[in-house]
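Here the structure comes first, spelled out in structure tokens, and everything after it is commentary.
Labels run A, B, C and D following the written order; every chain starts at residue 1.
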Amino acid sequence: MNLYRRTLLKILGLTAAGSSLPGCEREVHNLVPYLLPDDNIVPGVANWYTSTCQECEAGCGTIVRVMEGRAKKIEGNPKHPVNEGKLCARGQAALQGLYNPDRLQGPLRREGKRGQGQFRPITWEEGLAEWVEQLRTHAGKSAMITRPVSGTLASLLTTLMDSLSGRLVMYESTGEQTLRTANHLSFGTHDLPYYDLANADYLLSFGAPFLEHWLSPVSFGVAYGKFRQGRPLVRGRFIQVEPRLSLTASNADQWIPLRPGTEGLLAIGIGQVLLRDGLTELSSFHRTSFHQTFSAFSLEDISTKTEVSEEMITQLAHELTSANAPLILGGGPAAAQTNGTTTLILINALNVMIGAIGRRGGLQWMEPQISPVDLARPGLASELTLMDLAGEFEQGSRTLLHLYRADPLFTLPPSLKFERVFDHAQFIVSFSSFLDDSTSMADLILPDHDPLESWGDVVQQDTIPVPAWSVSQPVVRALYDTRPIGDVWLDAAHRLGEPLRERVPWNTLHDMLKSRWQTVLTKHDSPQSFETRWRETLQEGGLWPSNIPMRQTNTVIPSITYKPPEFLGNSSEYPLYCYPYPSLGLHDGRGANRPWLQELPDPLTTGMWGSWIELNPTTAKALGIHPGDRVRVTSGYGSIEASVMVFPGLHPDMIAIPMGQGHRAYGRYAKGRGVNPMVLLGPSFDGQSGSLATGGTRVRVERIKGGSRLPMLEESGKNPVIGRIQETGGL
Amino acid sequence: MSQDPQATEEYSKTAASPYKWEMVVDLDRCSGCEACVVACHAENNIRISGEEEAAEGRAINWIRIERYWEGDYPNVKAKFLPVMCQHCDDAPCEPVCPVYASYHTPEGLNAQVYNRCIGVRYCGNNCPYVARQFNWFDPHWDEPLAEQLNPDVSVRSGGVMEKCTFCVQRIRSGKEAAHKEGRRVRDGEITPACVQSCPTSALIFGDRNDPDSRVSHLKKSRRGFHLMESLGTHPAVTYLRRLSE
Amino acid sequence: MTDRPTVWEEMPKINRDLLSPLQTTTWTYYLWVGVLSCFVAAGAGAWTYQIQTGIGQTDLHHPIFWGSYIASFVFWIGVSHSGTFISGVLRLTNAEWRRPVTRMAELMTVVALLVTTLFVFYHLGRVWRFYYLIPYPNQRELWPNFRSPLMWDATAIFTYATASTIYIYLPLIPDFALARDRIQGWRKTVYGWLAIGWHGSQAQWRTLEMAIRIITPLIVMVMISVHSIVGFDFSMALVPAWHSTIFAPYFVVGAVHSGLGMVVIGLYTLRRVYRLHEYVRTEHFEKLGKLLLVTTLLLAYMYFAEQLTVWYGQVPDHMAVQNSLLYGAYAVPFWFMVSCIYIIPLVTLVWPRFRQWPVGLMMIGLIINLGMYIERMLIIVPPLARPRLSFQWDEYFPSLIEFAILVGTLALALLLYSLAVKFVPVISIWEEKLGKKHAQEH
Amino acid sequence: MALLAGSMAMGVGALYSIGSADLPVQDQQPVRFSHRQHAGTLNIHCQFCHRYATQSPVAGVPSMALCQTCHESLSETTPDMKMLRIYWKEKRPIPWVRLQRLPDHVYFTHEMHLFAGLSCTSCHGNVSGMSSTPRAPTYEMGWCLTCHEQRGASHDCWTCHK
């Protein structure tokens, strides 16, 4: 802390921050001048620097307001094609990552036993030396688990892990592996299409939470605004089908609940009607296979199994055909079952039937572009891939573990026994900025800069109409004695000597970044010098070529056999389905150390600062449970205790729990708060994509003693005496 | 702020100010994503209340998304209503303040002067929109979270009422920029933090005195209504009804 | 006329009886004062803690911005009306039986007013900036807002405090003179000052009586306006169930109701402690009982009328409040309050025999005041707890700090009263004598 | 009676003057800088050192490097010049004592006041005649208002309060 204070005084001109806090009136105020003037800083005047949001993988462009060396606010970059100047709650809260009181301030070495959480500060030299030593010892046996990174850092890490014969695993718990697999099986490409919501006039969504966290929520938000009110005379109609009324579903004109896991069956029903009533024109290739697929069940059967009436199925099919530009999405709970990939392929087939492929207001792919930095990054890993990695650690073929902004011990269900990796790893190095659940198991921590302090770039070619190659630059000087992960890896590579040194000759990630961008910016043969172009790029926030032609896609949907979802736990002992969903603010838990996000009320339950169990009112009544009661949820794999919120928009046979809480570490705001629903989940996978079926475990709920006051924004909701109010006046 | 004589004439001598700031909330666009809430917290130095105070119902939000349930499963609907200070032309909070901490600016803003407020909280009672929030304790930020605080906005001490200002600091700097260039503020030049962040563009802000501003156009929409119109508070926030069949 | 000499013989006894509290003090008194002081200290500590840490030590939270402090403010203002009502109104109506009661009631007025102002300060979020409320010339060129009912309130209470101080002081002058002549030590000097040269000349008596005759109707008018204005604090607001025209008279009657109850308690206690059975007789209790019956009926009528109008109107905003009272979250305190201030007094006080039972009346006084305290809370809290946006509906119950301050303040009131008893005769000696004389003349 | 009147007058006076400005404590600067020498004798323009005044809310204190542009070529004739040299050599900024500070709830911008044609001396006094800069006239609200009134500038609270 002392160090930090002194640094600040040197760097910053006016100690004005003190005066903005109350209770300091009696202090003597000093004016501390700069030693050397910084031409970019005018005291009292804000500078805006472009950057790229790295809170999720959408890659929104941002601009950061900086005054006197401090970042004040993050807003969307108006010129950026992904988010058009808008930014979600989580992106804006990135500031509290930068200024988080629990950030690691320098390299740490474990003391005491692993997992005890005791560390002592060391110097970078010590840390690097030890790490390089370990890299030598465990040559060819290292692995790295990281949150998805892209751009230069991705290619650096890929190159290095490649040279070290290491294994690089990019894991994201909401990486939509199911969707990627389904799209690959349907359209033969790994790229995700651009879902042209803005120009659609009818949207049928099978659970896709596109206004919350799905793929690129801000760009979907922008498109949703246009879809509803952006065109004169046309207002898009939106139907959402899913067992729980999500935030996205609550925006729909109609929410159709159905039995969990039967989304694919409903898609078959709709397709069947489309085919039966001749409402679709298909190529001969598809006609036979589709007929086979879509006539496997009778409509009556489908209606019983999905709990959606036959009339509704017919109506949906007819609405789809009478719309000019209908679009169908699938995701969220539909993808979170053991049959997730099949379901999504069936939904893709529906999109083919309504002619949405390659159409305006449908699914579009752009021609692949050569990005400034090569895209040689591995695909995202599924949970099964992680299991495979764990196996390698168990066998001893991997012994050195690197962690970067990934917290598998928190995001994976304990039933997967991923702690095997930590038990068997002989040495664990983490580059994370926080002591999260996994990093606190590390032996050596070499903390990275915050994204706002470091150079980087993000390549986004999925789910947008034009590629966005965004740059992020350090908008504030590093607060602490941390080092950018890229620089640290380059340093290590140089210490390891040839041949690594030759493959990555740069000293810093910044050098590497610039040299890579040089090839692109000069390739676009403009008369200006690279430096000018580079400065322009930084001012713009990146590069996004326009007029990218659309790619013709071949649909390769095979003949599909629908299989019903499988659930762990028998229905007599565990009568309820369980659906843990990513929280709007905390996502899978990475936002849990940001007080703004902790205090952000969940939009539907209005809960804050904690966890809760959502129960349908009828179910709650049958179980004799009142709002605010404490319950224990038990599955065959674990149990959690939390208070109940009665949630009217939930399938009666289902409970829902927000993810993101229940950290064992991760700083003062997150630690020990709420419960982690992952504890309940068993090893249930969607075989095709290898994704964990988060909706695939059954549970039971029982009331236990006690009750607690869960913070809620809705005052009346806290109090069962007042109950629920129905009036909405003129909304 | 001081002006050249001509501008002064224009600003203070005429009863009507050149600007009248208003907002439109399109409920058909609002998705309830709460980007505005965090934007507001970041911009306006809103305190972090913490779990305990939040449980006591004391979490401060200048803009909140109210959620109203309608119907029962399976025909249940959740409707969102963003509520912030409505900057009423006939604001009930203004006449009741014994010390003039709450007053109306010539530009139609309902102002709260924090350093004048002594915390009798009458204004809070009298606001039918429950837009006013009170600082029950002194604010606190764990170091170094306070580095983020916006120097353009006062940090409110305990015992003081606060509420949405339509981001007056942004209005002020927008007007200064326009004034230095000797022109009026252009439509869309000034955006409060919530409006700026709103992904679906459900919030629109502008000058009602400019007949061509987006706010002026949207206000005339047939979907438009005011919250609790019958109370006669004449809010500066117009809501556009959510459409449904 | 035959008893004439006896009346004059009684005079020294009256002097002795009524001055005795000023002259002798028992150990129980010291104990009582000591205990009260402890409570006051606890309350003061709680207040200090609240100022240091923040007004959040209360259970207040939006949308319930006002709570027990304002309720207590209204309650104590009501109590302070007892003095002016008993002595002012009864003086105006020439009710002879008032004589032993007036001084006790007037003392109550002053003590209650002091306590009332304290509640304003407890309530302020930034009490150290209280002077913003005072209209004084300042370099900021800022004035308070006279459109605010709170400013009306402040003005009214200031007027009432000034007027009632004068009102209690005037009839005290002859008694101070009496004390000056009979008590030695430092107090003699103080009484000398306070008696401002009273020596009982015919001219002085005439002036005094004239002054009292002038101020009495004035103080009654001030009293009515003061509590009307306290009612305006609420009825001027836009809050559902506050915005009602009946509030002003309703508040006045309510105040008198609790004030009378308080007088009965005081009368009973002082009579017991200082053995004033000769002066405070069953007759007094019976008369006060009748008055209480009147206020009970009046108040009940007004309350019923108000609730009836709300019910008949069926405006949803107002109905939400009424429902919460009748059978919602506030039903228990509501029905308890209704029994305390309407039902129990009504069924007991209609019996003449009951009215002649001092202990019973004292208990009715206690019940009424308990009920009125709750009633004040129920006027303030439920309407705030049911704002028009139902998303914000909430509940409130005073916190421990609030209770500590409330109890401490009650102790302070009792302490001040107990101290006052040691300083001024609790029964106006000269008026008592005058009464005896009148009685004899008739 | 005179006592009473006197104490009342004092009370009202105290209330009248209650403001928010700093009290003149610890005005001793670490280096005794003289505005008379710099702005007076040498006639250096205010904005040569306080260079942000026209473009920022704050006028800014000159960086050490800016001091050094002149002082580098000057011989150290006074102990304070030596002090300055020591600070510079040690690469330490001089912790100037802040003499003029507005509370957090006040919005004030040098930029707009200079744009309106005010001169620095209007508010800061004739510092070019002062060897040691005193604490400024208390920037009380009434003082601001007087000028705003005279010049017809806005009286709206939110012009200056944030």
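In this text, a residue touches a chain if its C-beta (ideal position, glycine included) is under 8 Å from a C-beta of that chain, and two chains touch if they have at least 3 such contacts.
Since we're looking at a predicted model, the values are computed, not measured.
Relative to the whole-protein C-alpha centroid, the nearest chain centroid is that of B. By number of C-beta pairs in contact, B-C leads over the other of B-C and A-C. Taking the CA centroid of chain A as reference, the farthest chain centroid is that of C.
Chain centres here are Cα means. That of chain B falls 43 Å from that of chain C. Chain A and chain C have centres, each the mean of its CA atoms, that are 64 Å apart. Between chain A and chain B the centroid-to-centroid distance comes to 31 Å (mean Cα coordinates, whole Å).
In this assembly, the C-alpha centroid of chain C lies 55 Å from the C-alpha centroid of chain D. Looking at chain B, one finds that residues 57, 66-68, 81, 116, 138, 154-155, 157-158 touch two or more other chains.
Annotation for chain A: residues touching 2 or more other chains are 20, 22, 44, 714-715, 718, 725, 727. Multi-chain contact residues, meaning those touching two or more other chains, occur in chain C at positions 63, 390-392, 394. A complete topology is adopted by the chain contact network, contact being made between every pair of chains.
Residues of chain A touching chain B in their complex: 1, 4, 16-17, 20-23, 44, 67, 70-76, 83, 85-90, 92-93, 95-96, 98-101, 211-212, 217-218, 221-222, 224-225, 228-229, 235, 245, 247-248, 250-251, 253, 255-257, 479, 584-585, 595-601, 603-604, 606, 608-610, 616-618, 648-650, 652, 668, 673, 709-711, 713-715, 718, 724-728, 730-731.
Here chain B touches chain D in the complex through residues 1-5, 8-9, 11-13, 103, 105-106, 109, 111, 113-116, 152-155, 165, 168-169, 172, 176, 179-180, going by the rule given at the top. Per the touch definition, chain B reaches chain A in the complex via residues 26-29, 31-35, 37-39, 41-43, 45, 48-51, 54-55, 57, 59, 61, 64-74, 76-81, 138-139, 141-151, 154-155, 157-158, 193, 196-202, 225, 241-245. Chain A makes touch with chain C in their complex at residues 714-716, 718-719, 721-722, 725, 727. Interface of chain B with chain C (complex): residues 53, 56-58, 66-68, 81, 83, 92, 95-100, 116-122, 124-126, 128-130, 132-138, 157-161, 228, 231.
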